[in-house]
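Paired with subunit B in one complex and with subunit C in the other, subunit A is shared by the two complexes that follow.
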Partner chain A sequence: MTAKKSSSPLARTTGIFFGVAFVCACFSDLAITTVDPWAEFSRLLAGILTPDFFSTDSLMLSLGYTLAFALLGVALSNIIGFGLALLFFSRTVRVFCAVIRSVHELFWALIFLQLFGLSPLTGILAITIPYAGIIAKVYAEILEEADPTPLQALPYGTARISAFVFVRLPDAFAHFRSYSMYRLECGLRSSAVLGFIGLPTLGFHLESAFKEGHYSEVSALLILFYFVIATMRFWMRRPLLPVYLIIAVIILPWGAEFSASNIVRFLTEDILPHPLRDPSASMVEWFHLIIIEQAVPGIIATLQLTMVALIATGLLTMIFFPLISPLLLGPKARGIGHVFLVITRSTPEYILAFVLLQLWGPSMLPAIVALALHNGAIIGHLVGRYTEQISLRPDTPAGANRYFFEISPRVYRPMLALLFYRWEVILRETAILGMLGIATLGFYVDSAFADLRFDRAMVLIAITAVLNICVDAISRKVRSYLRLQTSLEHR
Partner chain B sequence: MPLIEFRGESAGYSGQTVLSNLDFSIEAGERIALVGESGAGKSTLLRLIYERSGANAALVPQEFGLVQALTVFHNVYMGQLHCRSIWRNLHNLLRPRRDDVAEVEKVVEKLRLGDKIFTGVGELSGGQQQRTAVGRALYHPGDLLVADEPVSSVDEHQAQEILETINGEKNTVVIAMHDRALAIQFSDRLIGIKSGEIALDVSAAGMKPSDLDSLYQVGSS
Partner chain C sequence: MRLLSSFIATVIALSVAGGIGSADQARAAGKFVFTAIPDQDESKLRKRFGKVANYLSKELGMKVEYVPVKSYAAAVTAFRNNQVQLAWFGGLSGVRARLLVKGSTAIAQGKKDPFFETYFIAHSSTGLSYSKNFPKGIAGKTFTFGSKGSTSGRLMPEYHIRQAFGKAPSQVFKRVGFSGNHSRTVSLVQSGAFQVGATNFKVWKRGLKDGSIDPKKVKVIWKTPGYPDYNWTIRGDVDQSFGNGFSKKVQKALLSMSDPDLLKSFPREAFISAKNDDYKPILDTAKLLKLID
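On to the complex of A and B.
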């Protein structure tokens, strides 16, 4: 052992996480199994370069649906989340929010699919519910961090509501607005991905176009999607929001009917453990099947993949952030860097993983690369922006020396803060990627739904949620141990 | 009967005593200047006086305590939040009522902020922000004004004007000031604080700035 006594907690923690990720990677299946991945890739590339916007007439409609679900879901979750944020002093509310946000949108969608079928309600609620939990937490933090000095200068006897709307709300409101914009961007991604389970959004057409090899259509769908996200700042105006919401309600296909008896049966029978309904079945066997054969391998694979993806994200971040840093690159190169990062972070992990799976065949590699690319681009963008505030001394070195000696040490701490903040997000997404066939928890949840074993699905979703809450707690511990802080605008 | 009375009390925060042996009272109509080195305990004493006075006192904190996202009108209007119904407050927050704007305007004009009434506080200079904070305290209906360095960010001429306005509007005034000449000019009673105790409590009449030197010297008292 030549370990230095003086190694910093930061270096030690990094070392531990690297070690864990290395061990996880050793046990991971990272093979490329397709016979000729490059041939398929070149076909994809050819398709991407020749987008065909007229292949299906439903292109625009699916874009409209994607927007409609996102707008309605995010608007509703804003209202509910704000209300919950006001009640965040209550432990019950905090736990409730932690639980609803620990279940991924796609899992919520799978549940609501059983209740409401393909009704728009399924898509809207799938976005609204987890987002409300996230928004409640963030808004509560924003309100808590509001400047307390104006409160002290208020006249004695000012009603609490007046004090709240005049002092707390105005300063917090600007944060709410910028956070809502970020949430809407997330909502658009979620909405697009909901298509993969059958809702009529972009993902639906993307999946079928991809499977049929219509890469020009894939390209057109993605370009439209990036365009909508990139221009959001221009079309998302507050006075227009009511108009958008009304249009969203009008265009969604409300025709699908759902039966009350179906809902009642799902809630009172289907989700009860099977042995309770069928006395001939053994409770022990039921538990054994779920826990030993599904949950345990699912948890192991999920954690394993999460750890590798976390470290890979960190590494990619350190490569990505210079692409937009004015301290390291000129304006032209930065312009290209910006476009690259915007495209990479606008593409949902799920879609990236789906594409890579088609190219490379089933293994953990597509999932890891997809998670690392998407999250690395998000954190890389924030870290790159952070470097704009760094002022270097005039006689500073250039090139690689500048990167390693001047920039990297300065951004490492904020980078780690953001990375650990996203740890929980990466885990939630890892579980979901199981629905694409990788053996994480989502795989078992998806198969349970496919086999109409709703009782199993609910237990597995609950286990995923608990795992998520645990990782969130560990991440918070690590961040407070390393005294890492994320500023409001970076959430 | 005195407005506020201290009888041999001590004060401080988080277990530390900042002020001890406070023994004095404030009568209605007095104009008091608190003088002394920074860190001597002026702000603590002001806060104590403010907390004793309840709804009768308006406060100008040293750090202004403005809501940056709101306009000058809103920040000044907040001086009467406790007098109005929540509905009227909400109405004014979203769409200022003409009658309330007219009332606020009177105060704002005295402070030469008339053209800035609907400007966001975040866009104002330090001096303008300070005048807004003074405006909020003037708009407060209470008789007593407690202010911590209310003219630290404005020039000499404006400082005179603001202090004159304060004295003209409020019956009883307690102000902490580091400018000794201004303190003497605009008060009738000087309370000097040194190392957490009241070291001086005299009438301001006939005082010269140099008479306060002992408050700022190390060692002697």
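On to the complex of A and C.
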């Protein structure tokens, strides 16, 4: 008898992705180059253990701003996203949403910084616009996947609007609500990260403190941030929402005025290719510089990082989910697991990469590990929660056998679904690691803004957006080929 | 009931927040605002320049405010968009700002700023030591600049590297990084994350004095020739907005700053007058390196 060689599409796809990631890893710079990392690392540890809440200027105010930007941004994007979700049958709307969500909020902020300066509008719009695109897509999917039976029970001739308001909406509403809570958590993270480029949120102080090695201050800022996210379910009550929104509008520092002429100048001059403004410059040279010297190496590095980080995320997820799974661990150990996962997923990947960069020196390794830790903790949490629904046979094996032969095969498909869903997110996140000096497209965008060359920045951002849309499309193809479904709660 | 409680809470919130809001508005009227590039010790910027704002308020007899920014580019943008009217720039950021805002002028500089220097520093494990001539031995090492928009941390070191090797830094070194600011360049080279770096000589000297630099781990291997660097630049339209002769008044206030505590925040011994032409070498170098079109 000859051995029959058959492999499932699932195994084949896994193999292909592993292969691609392996090739990417071979060509990536993964060296550890530091000579003396321990001195700095021991200072970091000492600082983390001795948080100092009094060294930051106006700490409470920046916490207030962080909340204000997140609340207003997420509230507005919910309204706009809901409206767009209703129009999602239109191809134009779908493409529009894909485009606005393919640009990272940091890039939106850098653009709005040119238009409105350090006005609160910059922060609110930077969150609202990409989030509206994401929310529109998710809400449209929720509406589409809702149970159709109640609709069929309606009498003939029911007005479409009544059918929508009284039948479809109530069913979907619970999903909208739980998704909005998740978005608010993301919004808080985004809002904090916007501080890295100058908005007055927690990130403003966090970045400075980190850069200068004031680790006790870093520790205090992070603890405060974790606390706000961990207690969200207690303070985020629906009746209180209008109150929060009004306070948010009023505490933001609206003082800075902006002029229409700045906006007009940015849109009609600054972003025009330089050779169009200065006839002595050569268009070919301009294009060559952006495409050959920046975009191509940027795209290669971005894809390398994304593919290796994607597989690393998958591997870490398989290690992380048992930490909170009742099928594999007792309640005490799970408690610790929960705390670990909350901290890992709430820490912006920028911070993780920053710490690892200090430890290992400048290569792609810190970025890969930071992305994998952050995303692995998010998916690990969702997969761990998923195992709560699995019921085991009475004669199920115990210990390692249960993990490898019972649980792992059963969570593998949902895990892959979530992982492919996050592929696009990982790609977006490589942008912000570019600002740390890892030569992804984000690095070149950041350089263009640093040189005040907005024409180049816009071309590079557009290229980043196209790359994002492509990956999103491939991810959707792979998921439908493998018939992977993400359930509504697990997005 | 729920609606009612929500309504009451809203009213309370409005009145509380209204108090904060009105204080905010009072601030917005008729103030003169300045910023400074975040070249070192960012978290102390507010403390350092808050004092300068108080001094200027007193000298000019009006409300003067300092706005912190995160990057050199943000300082230039704020100046260009008239969100600040005065700024403490580096050589390169000052040149960029004056190109973008017609009529703006450099009015003051530190006493030693016409002869600013960049130090090339190396981790002791490289075995490199101080030399009078450009240290060609740095080729093939890992190298970090400061901020992408810095004169002493980017422009001048890149110029000398290109002069010495005839190649771009990315072709000379194994790895090139941008640390973000001068104090961080020193700490990255000291930890060995990068083998060689270029930093502002004032930041180096201060680090030696306050003990944050360990001379056993990191040392100076080369000093660039002097070049003009930091400067106070003011917008050309301030005389229109704040009254005739305002620009001169600001210049006088800056030049007569004598309190050592204030000057320490820059850190400078004293300020002397400056003019746009003083920075011509910087403009030419930036054009040569294609950092300015």
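What we mean here is this: the second predicted complex is superposed on the first by the 484 of 491 C-alpha atoms of A that agree within 3 Å, B and C clash if a C-alpha of one lies under 4 Å from a C-alpha of the other, contacts with A are read in each partner's own complex, and residues count from 1 in each chain.
Criterion: a residue touches a chain if its C-beta (ideal position, glycine included) is under 8 Å from a C-beta of that chain, and two chains touch if they have at least 3 such contacts.
Given the structure is predicted, the values throughout are model-derived calculations rather than measurements.
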- Report for A:141: first if it touches subunit B alone, second if subunit C alone, otherwise both or neither. neither
- When the two structures are overlaid on chain A, which partner does A:154 contact: first (subunit B), second (subunit C), both, or neither? first
- Partner touching more residues of subunit A, whether subunit B or subunit C: C
- Considering only the touch criterion stated at the top, classify A:52 as touching first (subunit B), second (subunit C), both, or neither. neither
- Message: Quick check for you: in the superposed arrangement, does A:242 touch first (subunit B), second (subunit C), both or neither?
- Response: second
- Message: In the overlaid three-chain picture, which partner chain does A:113 touch, first (subunit B) or second (subunit C), both, or neither?
- Response: second
- Note on the structure: subunit A residues contacting subunit B in one complex and subunit C in the other none
- Query: So in the complex, which bits of subunit A are touching subunit C?
  - Reply: 29, 33-37, 39-40, 55-57, 113-114, 117-118, 196-198, 204-205, 207-209, 211-214, 217, 239-240, 242-243, 246-247, 250-251, 253-259, 262, 274, 278, 281, 357-358, 361-363, 437, 446-447, 449-453
- Item | Residues of subunit B that touch subunit A when the two form their complex | 54-55, 57-61, 63-70, 74, 78-84, 86, 89-90, 93, 133, 136, 140, 142
- Query: Which of the residues in subunit A come into contact with subunit B in the complex?
  - Reply: 147, 149-159, 161-163, 165-167, 170-171, 173-174
- Message: Which stretch or stretches of subunit C touch subunit A in the complex?
- Response: 2, 5-6, 9-10, 12-14, 16-18, 20-21, 24-25, 27-28, 41-43, 46-47, 67, 69-74, 76-78, 81-83, 96, 100, 123, 125, 142, 144, 147-149, 175, 177-178, 180-181, 183-184, 187, 190-194, 217, 291, 293
